[in-house]
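So that we are looking at the same thing, I have put the structure below in structure tokens.
Every chain is named by a letter (A, B and C) in the order it is written, and numbering of its residues begins at 1.
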Amino acid sequence: MIVLYTDFGPGGPYVGQLHALLAQQAPGIAVIDLFHDLPRHDIRAAAYLLPAYTQGFPPGTVHVCVVDPGVGSERRALLVKADHRWYVGPDNGLFHVLARRARELECFEILWRPRQLSASFHGRDLFAPVAAQLVRGLVPASAPVAMTVPVPDWPEDLPQVLYIDHFGNAITGLRADRMVKNARLQIGDTTLTCARTFSETGAGAGFWYENSNGLAEIAINQGRASAKFNIAVGDPVRVS
Amino acid sequence: MIVLYTDFGPGGPYVGQLHALLAQQAPGIAVIDLFHDLPRHDIRAAAYLLPAYTQGFPPGTVHVCVVDPGVGSERRALLVKADHRWYVGPDNGLFHVLARRARELECFEILWRPRQLSASFHGRDLFAPVAAQLVRGLVPASAPVAMTVPVPDWPEDLPQVLYIDHFGNAITGLRADRMVKNARLQIGDTTLTCARTFSETGAGAGFWYENSNGLAEIAINQGRASAKFNIAVGDPVRVS
Amino acid sequence: MIVLYTDFGPGGPYVGQLHALLAQQAPGIAVIDLFHDLPRHDIRAAAYLLPAYTQGFPPGTVHVCVVDPGVGSERRALLVKADHRWYVGPDNGLFHVLARRARELECFEILWRPRQLSASFHGRDLFAPVAAQLVRGLVPASAPVAMTVPVPDWPEDLPQVLYIDHFGNAITGLRADRMVKNARLQIGDTTLTCARTFSETGAGAGFWYENSNGLAEIAINQGRASAKFNIAVGDPVRVS
């Protein structure tokens, strides 16, 4: 299985071009559009979401991860093997949180190059072809390397809004199983208590809960938390 | 074939998570994204659109239908067999119109539960795995049940705007074959006559017509009816 | 492979209905969503983007191209064979640029009709079934015909913004390999020089470059060109 994880947007030709390439180079393999609306160019948000949203995939899954504002620069191309799954993408911090939490980790620089490499679309020209090789059991030319570490260092969990979903729920970079049940989450002037599920709270009431991927998420039963609490991606949250 | 019918939004990650699960539990089966932008939490709109937009699918098709504001509450999970097609989703009225119009109908409560059931994402954890079982010829543990009937009762056809499409056309809950050809449709202050097709009317002219799925739809030739007539989902229409 | 190229929008249900039909009539064939957010009803923009974005597909690929404001009128349905690839869609100029640039070209009017043809959705009822026949090696009933030529004539390259992508980059109808490297591109009051890649310029600096499909594209490193330069689809550009 190949999983796509990008900030390319849900429209447009880029996602389709990845699929077209994979249909040719990895025919018959399921290709999953996991995220294409990751916050644009926000490497850190994508890095903290990555382990939460890819933890359930089977061994051997190949993830093509592209949040890559530095495409065309000298940043390296990485091939990461973490807990029996492959991740392909730029060496810009995108795999930093994943690597830190992995039990088993190997990291390689991708040396293989296609015959034609555009300056602006390595997703299509480099990362997707490498993914196609991996699912077919081939390992492209590569060399062991140490992943670039963000400077200054990133925290273990990120107390910030990383993504606002279609329902207006605000997903944070905090793992709920690291928080106590009666923790309060503060965002702006609002302090929220924990609920197990939406229907536990009254309509219109704000709360935080452990979402279906293990992250602390701010929501309103039958309402839009992002609108009511005026939340944007990047807003800090505080645990108390 | 598995058909997805949700209000999850066209962006990530929920739709991708359904696909990922189905790729594992029902490999090789076509999975169709029919609707993911149904009006959020609007059970009634989704209920009236459902029979119109799923009538053409072949016998044996399994529909995963999730407009589920009560997820995590005590609402039951349903398995509906209507005219040789399967429908899986919450017992909240979503299947009420479909059931009323079906020639053959069976309804079951789903008793099967996965090992891990999140409180907020039964689409991924319960309904999709049940769909995967059904397309593989298995019927999950379930018991005959009477579907919950909305109170107060819903009308035979719904004189309301249910969905506004990408072109600004407003799809109503009225079946066109129940209306006379010279019927007028009133929305707000505007009264519209019927046309067979867009090109029959002048550019910029508003009209209603029988859309390609049998519902009365308000449109403007080469324009946006929703903008010109200031139409929103939920607006009432009147037939005269 | 079947490639979809439409202005149907990324939300439902039209794209899903195409996929549902193709899953039944061309099972096992990869279907690629290349564009579904082409500028609405903008035949000319779609016509100039088409050769750039479909040039890389393998011989035998069938493209279903639907930007069709005249659906339901007397406009003909076309089947075009250009450089060993098939294109199916309306005879409204959509294939004009492709045809002009093709080395080998055949053009047919599609005479085949389905049993049920809606007045408003030929994509589903006519073009997709024809595509399904073509990928299965069948050629539907058709007759050689001369494609309708736009009046007044369209230029060789179109000095206009055709599409604004998810990153706010503005794709023009100018082929970069026809331009000199030190050409300047003027849009509104702004004059831009050429860069090879994003990282070549400073953050926030505007430039034009040859995009990954060969068209001249206006961008800002880590910014949104469409917002900063106030660019909309249809805006003219000037080369100097």
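In the analysis below, a residue touches a chain if its C-beta (ideal position, glycine included) is under 8 Å from a C-beta of that chain, and two chains touch if they have at least 3 such contacts.
Since we're looking at a predicted model, the values are computed, not measured.
Contact topology of the protein chains: fully connected, every pair of chains touching. Homomeric contact subunit A/subunit C is classed as different-residue, with under half of its interface positions used by both copies.
Look at where the CA atoms of subunit A average out and do the same for subunit C: the two points lie 30 Å apart. Those residues of subunit A in touch with two or more other chains are numbered 10. Listing the residues of subunit B that touch subunit C in their complex gives 1, 3, 10, 30, 32-38, 53, 56-58, 165-167, 196-200, 209, 211-213, 222. Partner subunit A is touched in their complex by these residues of subunit B: 7-17, 19-20, 23-24, 27, 40-41, 69-73, 118-121, 124-125.
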